[in-house]
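Taking it in order: structure first as C-alpha cells, then the write-up.
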Amino acid sequence: MSESPTEGTATDASTERAAEETPGDDEERSEIVLEVENLRKEFGALVAADDATFDVERGTITGLIGPNGAGKSTIFNLISGFYEPDAGTVRLNGDDVTGIEPYKIANKGLIRTFQTPRKLEGMTVREAMLIGPQRQPGESFHKLFTAPGAVGERERANMADVERILEEFEIDHLARQPATDISGGQMKLVELARAMLAEPEILLLDEPVAGVNPTLANKLADQIRRLHEQGTTFLLIEHDMSFIMSLADPIVVLDQGSVLMEGTPGEVRTDERVADAYLGGGGV
Amino acid sequence: MAVLDQLIELTADGVVYSSIIVLGSIGLSLIYSIAGFANFAHGDTMTVGAYSTLVFFGILGGTSISVLGLPLSFFLALLSGIAVTAVVALVTERFVYKPLDIGSIGLLITSIGVAFVYRALIQIQFSADSRRYDIDRLRPIEWLLQYNIRMTEHDIAIIASAIVLVVGLHLLLQHTDLGRKMRATADNPSLARASGIRVRRIELWTWIIGAGLAGAGGAFLGLFNQLVPRMGFNLLLVIFAAVILGGIGSVYGAMLGAFLIGMVVQLTPILTSIGIPIGSEYARALAFLIMVVVLLVRPQGIAGEAVGGGG
Amino acid sequence: MADVSTLTDPRGYWGDLTSEERGVAGFLAAAVLVLLALMLTGVLNPTYFLFLFGLGGMFGLMSLGLNAQWGYTGLINFSVAAFFGLGAYGAAIMTASNSPIAGDMNPIFGLVLGLILSAIVAIAIGIPTLRLRADYLAIASLGLAEVVRLIILNEGQWTAGSQGLRGIPAFFEGWPVLSTLPETLPQVNIEVIPGRVVTLGFPFWRQLLNVTLVLTFMAGAYLVLRRAHRSPWGRVLRTIRADEDLAKALGKNTYFFKMQSFVLGCLVMALAGVFFAHLQLFVNPGNLDPTTTFYVWVAVILGGAGSNRGALFGGFVVVAIREGPRFIEQLPPAFLTEFPPGFLRDLAFITDDVLFELPSIAISPGPLQLLLVGLLIVLIMRFRPEGMLPPQRELIWPDAVDENVRKRPDSGVREQRGGDGDE
C-alpha cells in the first residue's frame, strides 16, 4: 500500500488491491493481514471513528498517527474487539472478525498491547510472561488432573521460551522481580516480549514508548525491528513522531475519526493536510 | 371485580411502602455516585434513624396536639432522629471511609462491617425484640373504606412527609448552588472535579442528605411496621433494586425506581388472583430478579442516560 | 491445621515460612495449647471442642471456596450462604427422615445431590451475573441468594419449608466399620487435675469421626485448589483479577474462566453444607441467612485474598469469634460481672429507665458476634487490607521450575527467606 500516492484515498487503494487478489492464489496467504473498512463508532454525539478505512500489509510496520482525539485508540479497540463498531468491517487474513469477542480475535493471531498496562499484582515478571503463550493445556482445568504430565511438559517449554525471549530483550535479570516493582519502560518491554510469546501474526502496539526514557525507547525500537525482520507484522500508535517516522512505513494519518491520508514517512512529513490537522488539533 | 378491589387495596399499601423506599433510595443512589461505592450500610442507616426517633420520642413523650394521628412531639423526634442519623453517617465517613485508600470494592466491603457495627450496637441497646412507637394504632379512615382503600392517618402522614422531603430535595437540587453542583457531581464525578467544584464539600452534604432521608425512611418504616434491628438490612436489597432500576446517580431515577419496586413488592399478590402462580412470598424475589434483568439489559437504569450509568 | 504439608515435612516447611506465617503458626500453636489446657482441666468439654473444630473446618471450607472466587479471580460472590445451604439441603433431602421426596438414603447420594444442585445453581446464577461489573455482581449475587433462600423456605413440597429437615444420619452411617466405630471404641477417662475427670466416650468418638470427615473434605479441596492455583489455569484467573482486558487481549476466554472459578468455589461451599447437615443432623432455611456469607468474607479477607492457607486460618478465627461469646456466656457468673466491658456501659449515655434495660449479663451472643465481626472488617480494611497471610510466592507449575518452587521473588515483599526446604 506504500506506493499509493498522497492523492489517492485509502479506500481506493484497498478496493484496488481487493480486486487484484480475488482471483487465484488461494494457497498463498493474503498479502493483507488486516483490512479495516468504513469503520464507524459513535459515543453519543461524538463520532470517534468516522468511516475509517485502511489496510495493513503483511510484513510491514504500519504506523497510525493523528492529533489527540483523532480516534486512534478507538480504532484499536474496534479492531481488537473491545468496542463493537456501529458500522463497517474488520477482516483478519480475509476472515470477517467484526464485533467478535477480543479473545477470539487474539486466537486468530491478532494481539494487542495497552497504552497503560495495569500491573499484575502478586506475580513475578516471568509469571506475567507465562500468560502469553496460547492454547496451553494447563489452562484447561480438567487436564491439571487428567494430564499433569502434558501440563508440566508445556509449562517447562514455555518457561524455556520465557527465559530465551527475556534474554533476547535483555531483561532476563528482571525474571524474578515482582511485576509491580519494575519501571514503566521495563513494563513496556515485558509487554512486548509477552505479546511475542503469543506468536502473533500481527501485533498492535498502543503507544509503546509513551513515558519511556530515550535509551529504553531505542531498545524497544530495535526489538520491534528485529521482530519485524523475523516476520511479524506491526500496527502501532505512537505520539513520538521521531520514533514512528524512523520505524514505520507506511503511515496512516487519522483525523477526526477518518483516514486523512497514508504514505511513506517522507510523504506524511511533507503533506500539508497533515500539518493542518496537527496545528488544528493543538500541535504535535 | 374482586381483583379490582384487591388491586385498590394493595395499591394503597404500595404507595405507603414506596414512599419509604423512595426515602431510602435517594441517599443510596447519591452516595453510590458521589462517594463512589455501593454502601451496604445504607439499610442499617435507616435502622439508626428509626431507633433514634424512638429514643427522642421516648424522651419527649406524647403531646395532646396531634396531626394525622401523630403527636407533634413525634415529628420533633423524627427531625431529631434525622439529625442523629446524619451525624452518625458523617462520623462514619470521617473516621471509617475517609482514611481508606482501597478503591470502591474495598469501601463496599468496609461498609458491610459498618452495617454490622450499627446493627450490633442497636441490638445490644434495644435487644432483638420488636418495638413500636408509643402511639396508638389507628383504624383505617372511614370515608376511604367505601372506596375499598384501607389507609390510616399514619399512612397518609408517611406519604405526606415523604412528599414534603422529596419536594424539598427537588427544590434544593434545582434552585440552589449546592444542588446544581450535587447533580453535576453525581452525573460525572471526575468531570465535576475537573471543572473546579469543591467535591469534598459536596461529598459531605451528600452524606448528610442521603443519611438524613434514610433516617426519615427508617422512622416511617418503624411506624408502618415495627422496629427490629434487622429492619434496614432486610430492606437493603429492595432499595438496591430500586436504585439500579432507576439508574445509579440519578436522584429522580431513584425516586421512580423506588416507586416501581415498592409497587411490585406490594402488588405481587395480585398475580395469584389473575392466575399467575407466584405468591406474595416471592414478592422480594421478583424485585431482585427485576434488578438482575435491569443490570443485564440496561445497566444505566430506566432514567439514566448511557453516559450516566457509570458502566 | 494451617497446611497439610505441615504434617508431611515440618522442618523444611518451617524454614521456608515468612515472618508473618511464623507469627500465625505461633499463634495457632498457642491457641492449640490453651485449648488443650482448657480441655484437660475440664473447663472446655472435649466433645464440644471437637464440634467447634468441625465448625471451624466447615468455615475453612467455605473460605477456601470463596477464595477460589474472590482471591483468585476477583469475583465478588455474596451468595456463599446460598451454596452452603444448597449443599446442606442436597444432603438433607436424600437422607433426612422427614424428607418429602427422598429420605433415608445413603449419605453418599446426599453428597452427590448437594454438589449437583449447587453446580446447576452456580451456572444459573453465573450466566447472567459474571458479565457484570464487580460491584453489580456483589449486589446481584446477594439478591439471587435471597431468591434461593425464599425458594427453599416456600417450596415445602420439596424442602419441608420452615420446619426444616430432621433425622439426618451421621455421614458414615451405612459404611462398613466407620458406621459403628464410635460405639465400639472404649471410654477413656483422663484425670489431670485430681477430682476433675474428663471422659471421652461415644459422643467424643462420634465428633472425632466428624472432624475426620471435615479434615478429609478440607484436605481434598485444599489439594485440588492448590494445584489449580499454581497452574496456568490459575494464572489466567489471577490475570483476570488484575486486569481482565489484558487476559482477553491475550486470547483468554475470560467469561468461561470466571464461570469455572465460580462453579468450583460454589462446589467447595456446598461441600461445607453437606458436612454441616451431617454435623447438625438438622437443617432449616435459617441456615441460608446472608450473615453467614459475610462471616466467610471476613475469614477470607482476614486470611488474605488469594491465600488458601489464609482462608483456612480465617475460617477458624471466625468460628472463634462466633462461638467465643457463647462460650464466655457459659463461664461462671463471677467471670461475667466484669464482663460487659466499660465501653458498653458508657454507651448507655441516655440511661433512661424504659429504654435501657441492661441486665447484669448484658449481651446475648448474637449482637456481640456481629459487633466483633463488623469491627474486624473495618479494622482489617483500615490497617491490613491484604490480610494476615497474603500470597507471596511465585505460582508456577511445580515441575516446570528446576529450582525450589517455594522461592519468593529476589527482591520480594519479605525480607528474609528460608533455606532450601522443599515441598
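Lettered A, B and C in written order, each chain numbered from 1.
Just so it is clear, contacts are C-beta pairs under 8 Å (C-beta built on N, C-alpha and C of every residue); 3 or more make two chains touch, one makes a residue touch a chain.
All values reported here derive from a predicted model rather than from experimental measurement.
**Q** In terms of CA centroid distance, which chain is the most far removed from subunit B?
**A** Most distant chain from subunit B: A.
**Q** From the Cα centroids, identify the chain that ends up most central relative to all protein Cα atoms.
**A** C
**Q** If you average the CA atoms of subunit B and of subunit C, how far apart do the two points sit, in angstrom?
**A** 34
**Q** From the C-alpha centre of subunit A to that of subunit B, how far is it in Å?
**A** Comparing mean C-alpha positions, subunit B is 49 Å from subunit A.
**Q** State, to the nearest whole Å, the distance from the C-alpha centre of subunit A to the C-alpha centre of subunit C.
**A** 45
**Q** Hey, what residues on subunit A touch two or more of the other chains?
**A** None at all.
**Q** Please give the residue numbers of subunit C that touch subunit A in the complex, ascending.
**A** 224, 227-228, 231-233, 235-236, 238-239, 242-243, 245-254, 260, 264, 306, 390-392, 394-401, 407, 409-413
**Q** Which bits of subunit B are touching subunit C when the two form their complex?
**A** 37-38, 54-55, 58-59, 96, 99-100, 102, 104-106, 108-110, 112-121, 123-128, 229, 237, 240-241, 244, 279, 281-282, 284-285, 288-289, 291-292, 295-296, 299, 311
**Q** Applying the document's contact rule, which stretches of subunit A touch subunit C when the two form their complex?
**A** 80-82, 101-103, 106-107, 111-114, 117-124, 126-127, 130-132, 134, 136-141, 144-145, 151-152, 155-156, 158-159, 176-178, 181, 194-195, 198
**Q** Which bits of subunit C are touching subunit B when the two form their complex?
**A** 76, 128-129, 131-136, 138-140, 142-144, 146-147, 150-151, 153-154, 294, 297, 301, 344, 347-348, 350, 352, 354-357, 362-364, 366-371, 373-378, 381-382, 385
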